[in-house]
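Notes follow the structure.
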Amino acid sequence: MEYKPNKEVIVKRIAKFFKDGDLVNLGIGLPTLVGNYIPDDVHINLQSENGFVGLGPAPEKGKEDSMLTNAGGSPVTLLAGGAYFDSAVSFGIIRGGHVDYTVLGVLQVDQNGNLANYMIPGKMIPGMGGAMDLTIGAKKVIAATTHFERNGDSKLKRNCTLPLTAGNQVDYVVTDLGFFEIKDGKFILKEYFAPYSVDYILNNTDVDIVVPEDCKEVTL
Amino acid sequence: MEYKPNKEVIVKRIAKFFKDGDLVNLGIGLPTLVGNYIPDDVHINLQSENGFVGLGPAPEKGKEDSMLTNAGGSPVTLLAGGAYFDSAVSFGIIRGGHVDYTVLGVLQVDQNGNLANYMIPGKMIPGMGGAMDLTIGAKKVIAATTHFERNGDSKLKRNCTLPLTAGNQVDYVVTDLGFFEIKDGKFILKEYFAPYSVDYILNNTDVDIVVPEDCKEVTL
Amino acid sequence: MIDKKIISAEEAAGLVNDGDVVMLGGFLACGSPLNLLEALQKKGTKDMTLVCNDTAFHNAKTGEMTGVAPLVLNKQFKKMVVTHIGTNFETQRQMNAGETEVDLVPQGTLAEQIRAGGFGLGGILTPTGVGTEVEKGKEVIEIDGKKFLVEKAIKGDVALIKARTADKAGNLIFDKSARNFNPLMATACETVIVEVDEIVETGALDPECINTPGLFVNYIVLTKGAK
Amino acid sequence: MIDKKIISAEEAAGLVNDGDVVMLGGFLACGSPLNLLEALQKKGTKDMTLVCNDTAFHNAKTGEMTGVAPLVLNKQFKKMVVTHIGTNFETQRQMNAGETEVDLVPQGTLAEQIRAGGFGLGGILTPTGVGTEVEKGKEVIEIDGKKFLVEKAIKGDVALIKARTADKAGNLIFDKSARNFNPLMATACETVIVEVDEIVETGALDPECINTPGLFVNYIVLTKGAK
């Protein structure tokens, strides 16, 4: 079986995490796409760390407001019941544990819940932006990533080698192969995504993976 | 000459300190009265540490609003250009050095600029409220006090014996006998108030007082 | 946005347990949730720790009381963390008699400690209180030659706050000087109960002017206004 | 209330000196004072230290730039204290080449450091950055078994901020997500210059909704709005 990156599977699965009333922060890039797959009957509150809650969908073409953007700089809208605030309040909400879930992109994530996602020394230095606060502060941290790098290496590691965004904070990892919980220094495989098998995941990921009895195949 | 407490002299003199645009915080009690004597042609901005700037005079009888009081709990008004904020912002303004003058009451003030005004252990414990932040934070601290206690002791001391509100922060002391600057561990007598004389002050105040050449008599 | 639960003052009092750390908004009772306090007084909840700017007014001569004063007189608090008790002779009496533990905290420090608790900071470094009784037992850090006290964050079990208006999603707008500690306390407690004068539809409040976003609020109690 | 001075963008740029620590509001240039930046670029002020969320956009392929990017390209900064430079390849290039000192700071930490500077705190204790590169060279304090970094307050010489509306007394109201760091920076600098879309009479703004009281503002620059 050949691996083909599939971001849609990742964001579709993550979109099923949330329940009514959850406050959720979606990181820039892949995580932002999760917002497009939230079930219609689930009402979550999205935070934009540049300064508001009640983040709504992109405006109609021609109705963009340059004074209302998401953390990636793209025009968005505000839902009824949303509220604006400054950056200190925004990160107070984050650091204070008021965000139920944050979904973050990944350079590396390891079986101890360490996350590296803000720099490759000497090469790519985007900076941490809000990622360090989000990783430390959110009640649950979901790492969202394609399972493999372009060169075929797994992004799931025994130990991150890149500079950490935060240590021991990642709760869940969702890749295009499966959904993992991180517990006791291991990846617990809760679901594997068709058409991949448990063996395919185990054979291609050099980390400690536990496959519990209730691990199940899911088609997304 | 017999001493007779005269609070009006104190507040009248203090009211002459300010210039256009100064942000001023007047403590509870005697200092609050300073607000009644600001010259008509001087426009200062009064802060109320319970949460606003633009403190105006007491409302007309019958127009009191229980949701708008000063730090002493008395009904007040808001001037055009005033703004409300929470207690963290209010004390951020104070601690951050944005208040030009604070005028505070006194139990004891000494020649090193130490102020004691929040408790007499075992006897009277009002608590420091905002006084510690104001004393530490305001650019200039004016201590406002009758010169003597009821038993005849001077409130100006060589060393405070009561618990300090803050150390080395008082810049000026205005009593009903004179106006002192505190400098290099001494009280500098800048003005003495009729009908008292320099000698009267020196003979009745057991502290180090310097009388500079330009010390002058003032009638208030 | 999900609607918040609207409950009665009595139901709200039922959410406060004996021994809870209770943060109470208000400054000399201006901005205190008076109906919640009355319900808590009736219920007789005890051994609470009070975190509040002050203990309101209790006139020694006339016996008149405002705000939290009746609960102080009832000895419903085993401890009070306050900045000023000069207007309540009974609090001073209990403190001097050693009947109740009273921590006196500078007002700006208390505001920052509560904010730090709500905003995930371990504490703040403040120059306020250096060289005073407040310094006792605290760590002192020197930064660029200036001394600062390490003042730790404070969190609570229940916040009892007062706002002018809530929308159904729990967004709050306060009222003039009645804002004071209320928005700070809303960030720092497990359960946040707000007493309001009116509830409006979600979306009716100006999103630029919301002092406390609904995410901080758990329950709304609608009263006919402050007493 | 005393009126604030209304000046031109060019006069404003004249208030910024070579070597100044300049705090710049905005998040990817949303809420940056674009006319002030243009004037500062023309004037060529140099050796500044920039404190800002980011260095806006500079597209490596097209050369398109927004916000502060032209000043970065001009090398008007000797140092930049920022949280994110992923959208400006030139900042990354200067950092990697060692041409400009770039301090990367977690966004929530930068916000608190600026607020601490403005509000007279020596710093704050934050869990953010513990066990990462950010911890290096910093004091770590343990409170109730949890580790926190001591992050020091930051102050600046000049704040260049953007608001939607000022009244003549300098009270400010911002605009949606363009608020971000602007109100924080207004507290933390010796000189505060605000670029606004409109100036109204003192008293015309709702005193419940003022994000930055006029006491923090020194100069107002009226422009025809954000570019």
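As written, the chains take the letters A, B, C and D, and residue 1 is the first residue of each chain.
Quick note on the criterion: contacts are C-beta pairs under 8 Å (C-beta built on N, C-alpha and C of every residue); 3 or more make two chains touch, one makes a residue touch a chain.
All figures in this text were calculated on a predicted structure; none of them were measured in a lab.
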Expressed in whole Å, how far the mean CA point of chain C lies from that of chain D is 33
Distance between the CA centroids of chain B and chain D (whole Å) is 36
Cα centre of chain A to Cα centre of chain B, whole Å, reads 56
By the touch definition above, chain D meets two or more other chains at residues 112, 115, 120-121, 126-127, 174, 176, 208
Chain B touches at least 2 other chains through residues 52, 78, 84-85, 88, 91-92, 94-95, 136-137
Among line, ring, star, complete and other, the chain contact graph is other
One finds touching chains in the pairs A-C, A-D, B-C, B-D, C-D
Note: in the complex, chain C contacts chain D through residues 112, 116, 120-127, 139, 141, 143, 146, 148, 150, 152-153, 173-174, 176, 206, 208-209
Per the touch rule above, chain D residues touching chain B in the complex are 1-2, 115, 118-121, 167-169, 171, 187, 202-203, 207-208, 210, 213-216
Given the complex, residues on chain B that touch chain C span 48-52, 65-69, 71-73, 78, 84-88, 90-92, 94-95, 118-119, 122, 124-133, 136-137, 163-167
In their shared complex, chain D is touched by residues of chain B numbered 20-21, 23, 43, 45, 52-54, 78-85, 88, 91-98, 136-137
Seen from chain C, its contact residues with chain B in the complex are 27-31, 53-54, 57, 82-87, 92, 95-96, 104, 106-112, 114-115, 126-134, 164, 174-184, 211, 226
